[in-house]
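Multiple structures follow.
You will see subunit A twice below: alongside subunit B first, and alongside subunit C after that.
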Partner chain A sequence: MDRRKFLKASAGAVAGAVLASQLTSALAQGGLEGEDIANLEKGLQQTLGKSFKDLTPSQQVKLVAPTIAESGANVPVEIEASLPADQVKAIHCFCDKNANPLLFSVVLNGVLPYYATRVRVAESAPVRAVVETKDGKFLLASQAVRVTVGGCG
Partner chain B sequence: MAINILVRFNPARPKAGEEVRVQIVAQHPMEPGTRRDSSGKLIPADHITEVNVTMDGQLIAQVKPGPGTSANPLFAFKMKATKAGQLKVTCKDLNGQTGERTADLTLA
Partner chain C sequence: MYGIYAWRKGVSVTRRELVQLLLALGVTSPRAFAQVLERPEALYDLPPFGHITLLFHTDLHAQLRPHYFMEPPNLLAARALEGRPGYLTGEAFLRYYGIRRGSLEAYTFSSVDFAALAQRFGPMGGGAYIGALIKQQRAQAGPERTLVLDGGDTWTNSGISLRTRGQVVVDWMNRVGFDHMVFHWEYTLGRARVEELVKELKAQIISFNIVDDLFGDPVYPPYAIHQKGGYTLGIIGSTFPYVKVSHPEEFSEGLSFGVRENELQKYVDELRAKGVDAVILLSHNGVPLDLALAERIKGIDLILTGHTHDFTPNPIRVGQTWLVAGGSAGKAVVRVDLQMKKGGIADLRARTLPVATHLIKPDAELEAFLREAYAPHLDYLDQVLATTETLLYKRDSVYSTFDELAGRAVQALYPEVDVAFSTGTRWGTTILPGQAITMDRLLAFTGYTYPELYIFRLKGERLLAVLEDVAANTFNPDPFYQQGGDMSRVYGLTYDLAVNAPTGQRIRNVAIKGRRLDPNREYTLASFGGRLQRSGTLVEKHTPRPIYDVIAEYLRQVKTVNIPPRPGMRVLDQRYVLPG
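Moving on to the complex of A and B:
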């Protein structure tokens, strides 16, 4: 095999391998970049006493966060639930890869189901908003946030 | 040293029944306890652990920020402006420092 052919063939093989590995890792993670359910579970158990599968993903919860944040030290997060104000008990927010997965929890009493703040994200990982309703349901919304500089170190 | 808190209503003078966004900013370094200083030592954690918002003496929201909240944190809520009243924000951090601020909500 001459040099030219060899280069072409190897470049193709490498590109294919990289693509394949990215695809498989994306599938294994359920679509969101940097998912770490084991770490998230720790925080969920500690604050809510629930596991990840007890949460119901819901369209009624809107989580607004940037997909790419320049600095992980300051990521604006906005959570809004399209539910009547008297049905929402609390809003919790978690990040998969933070050393302490719980970012904050807010107990609402008489205000509209809306909360905005700025959080620290240690490394690229999904941010999850959990809305706790009065009838004991936990509604989930997730958004992957990619950070270029981590916010916790 | 007390924690300085700023409160702003948006719009500043809402009409009765209008939605008003309450923005609260606390001036605080919010050390998460995982960062290191220039000599490599861990900076001890020092962050706000509790923020209570009351309207005319009634608790309307309670925030419990963890170490994962940014420095000089913003806390924003939305509420229906039904009547004028006094909003009071109190907060507490890990070192036992407290901050307090009252703001009057007036209707247009």
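Moving on to the complex of A and C:
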């Protein structure tokens, strides 16, 4: 390789190192890993008397949970609603694949709409945070949590 | 400063090859060029740049002797990630970074022409050479403006580490002089031993995500602040998020890890509020996860990342964040020079410097230290077990000839085993055709602190679920759902792999010993280095033995091995390349 060719090649390499940030959008499509709406439906009906289609996905609900759990028996979850305290009636949490999909329900009585605890996730499945408002809306945030068996790191 | 490198005699690098190497390393001005031709070691002479120098080394896996290490022929990825750093390998890697075939860089960073280039350039790394390069670079840049950082996976996975429970590596680090470190495999020494070694380590551990599992408080300082070259740097440490998932839990009792992106953002904001000029993340997350994190966390200027063993000959930019990876196995030291401005990095020069043993003169003090440290163990480590006629390598997404060897050994000693699993770990070494397989080299592949080989029974449907689970960890299109290892290797089992299929449908047409998998039948499996055996029922007549003893016994029996790469799986939706 002569010097001129090289300079061209190296200039290309340097320019090529900037990455477009398209990844997030590429991932936004498709369902969540381990989704099981039929099973979730049981828990929703029993607890809320509602169906999955009655829930409204909302940016006002923040759900924090690990993407890969350290142990399925002990998964930290944190749910927060960015709504005034007096508008929120309760926070509910479900997991699609648990035999009993309801993880917990907390009635708030006017305290800040925030709750953090640990839950059991039986196998890789979405965790659902449902915030029930006083005017009868059910706001939803979901996140898939992996519970891995192999662990051949 | 100049005289410390020697152009070693007997290594045949032609002038032409040298020119290619220099070009690839970015030596361009005629004057610099002429200088380097006379003294090839001058590729390590970098002109001054900026205000602060970071020397980054990571994922040594306790390989304190020079050795060969071939990069993966394949890094299979879901379509959304294909062709991105973290999934670049072989010729695609050379094209992406503009590296010439046949150069030292091509030899260091890719698997292309590996066996031939290994003859030409010789072994890489080793504690005395890495240390010499770090010391020389620190002296060249100016010790007062330089920080030396270790990205973790440093203390374990070699013979000498096993024999001394990590002691020799810590002693080596103290002699080289590191400033900060983060962890991953270190925890497989056990939490108590890690804490013992931390007391001896002169470097300071920083990690925001090693926390008390009850209260969530960090066990080590989450970050450190340094005044260098008239500017203030905040360095946040991030340990591997999945220590607990990847290894037996008892090694890290009472601790919790995790990506913890909200907390990371909090620490970045905290440092910004203190008025640091730049925030650096010293990370063991790996390239894919750190690229994804860089898109979400605001305010990190530079990420230095380990774990996935990637090289980034040119730094990567995501938004306002730079990312540089450090490779593995002692093959390179990364030097990053920062030109600072108030409140940020104005410009940056990153060079991945190969630890080429034919260009670097080993540090005499380190060489003497290592000679002494190894002396009591030579009878054990250097015993020759067999000779290989073919290339024994480890790194690849799904298959390697070393894992094939492990499978053959297990099958020979336990004939009732239907399927032998081998780990998808990314560390190891490479043994060239004609070389001896010594205990030390075997331990470079299998140096686990939990080496037991378990024989257990598992139903066919569970076996399939396990394969799917590992495939989901390896090939998930979202890096937040990847653990960062490679796919488990299976001996005695064949399958088709659809990388892009949804979870639960990646593994197809599974056959065991040529017969279709029966979901209801119980199979006899063997595995080590993981938690797989917990899913099944142990076969009690077999007391678990260390995998390296099993392979050593087999090697002594056969004396010679010949393993051309013949994977038992077929990749349906990606090109799969065999080395050689």
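Please note the rule applied: the second predicted complex is superposed on the first by the 118 of 153 C-alpha atoms of A that agree within 3 Å, B and C clash if a C-alpha of one lies under 4 Å from a C-alpha of the other, contacts with A are read in each partner's own complex, and residues count from 1 in each chain.
In the analysis below, a contact is a pair of C-beta atoms (placed from the backbone, for glycine too) under 8 Å apart; a residue touches a chain by one contact, two chains touch by 3 or more.
Predicted model only: the values in this text are computed from it and were never measured.
Engineer: Determine, under the contact definition given at the top, whether A:Asn98 touches first (subunit B), second (subunit C), both, or neither.
Structural biologist: It touches subunit B, and subunit C stays clear.
Engineer: For A:Leu32, using the defined touch cut-off, is the partner it touches subunit B, subunit C, both, or neither? Pick first, second, both or neither.
Structural biologist: Once the two structures are laid over each other on A, A:Leu32 reaches no partner at all.
Engineer: Tell me the contact category for A:Ala116 with respect to subunit B and subunit C: first, second, both or neither.
Structural biologist: The answer is first: A:Ala116 touches subunit B but not subunit C.
Engineer: Show which residues of subunit A both subunit B and subunit C reach, each in its own complex.
Structural biologist: 151-153
Engineer: Mind listing the subunit A positions that touch subunit C in their complex?
Structural biologist: Against subunit C, subunit A makes touches at 1, 3, 6-7, 9-10, 12-14, 16-19, 21, 23-24, 26-27, 30, 33-34, 64, 66-71, 124, 144, 146, 148-153.
Engineer: Please give the residue numbers of subunit A that touch subunit B in the complex, ascending.
Structural biologist: 73-75, 95, 98-112, 114-122, 151-153
Engineer: Give every residue of subunit B touching subunit A within the complex, in rising order.
Structural biologist: That would be residues 19, 22, 32, 34-36, 55, 58-71, 73-80 of subunit B.
Engineer: Subunit A touches which residues of subunit C in the complex?
Structural biologist: 19-20, 23, 26, 28, 80-81, 84-85, 96-100, 241-242, 244-247, 249, 256-259, 262, 291-292, 295, 313-319, 421, 423-425, 465-466, 469-470, 472-473, 476-478, 480-481, 483-485, 488, 502-503, 529-532, 535
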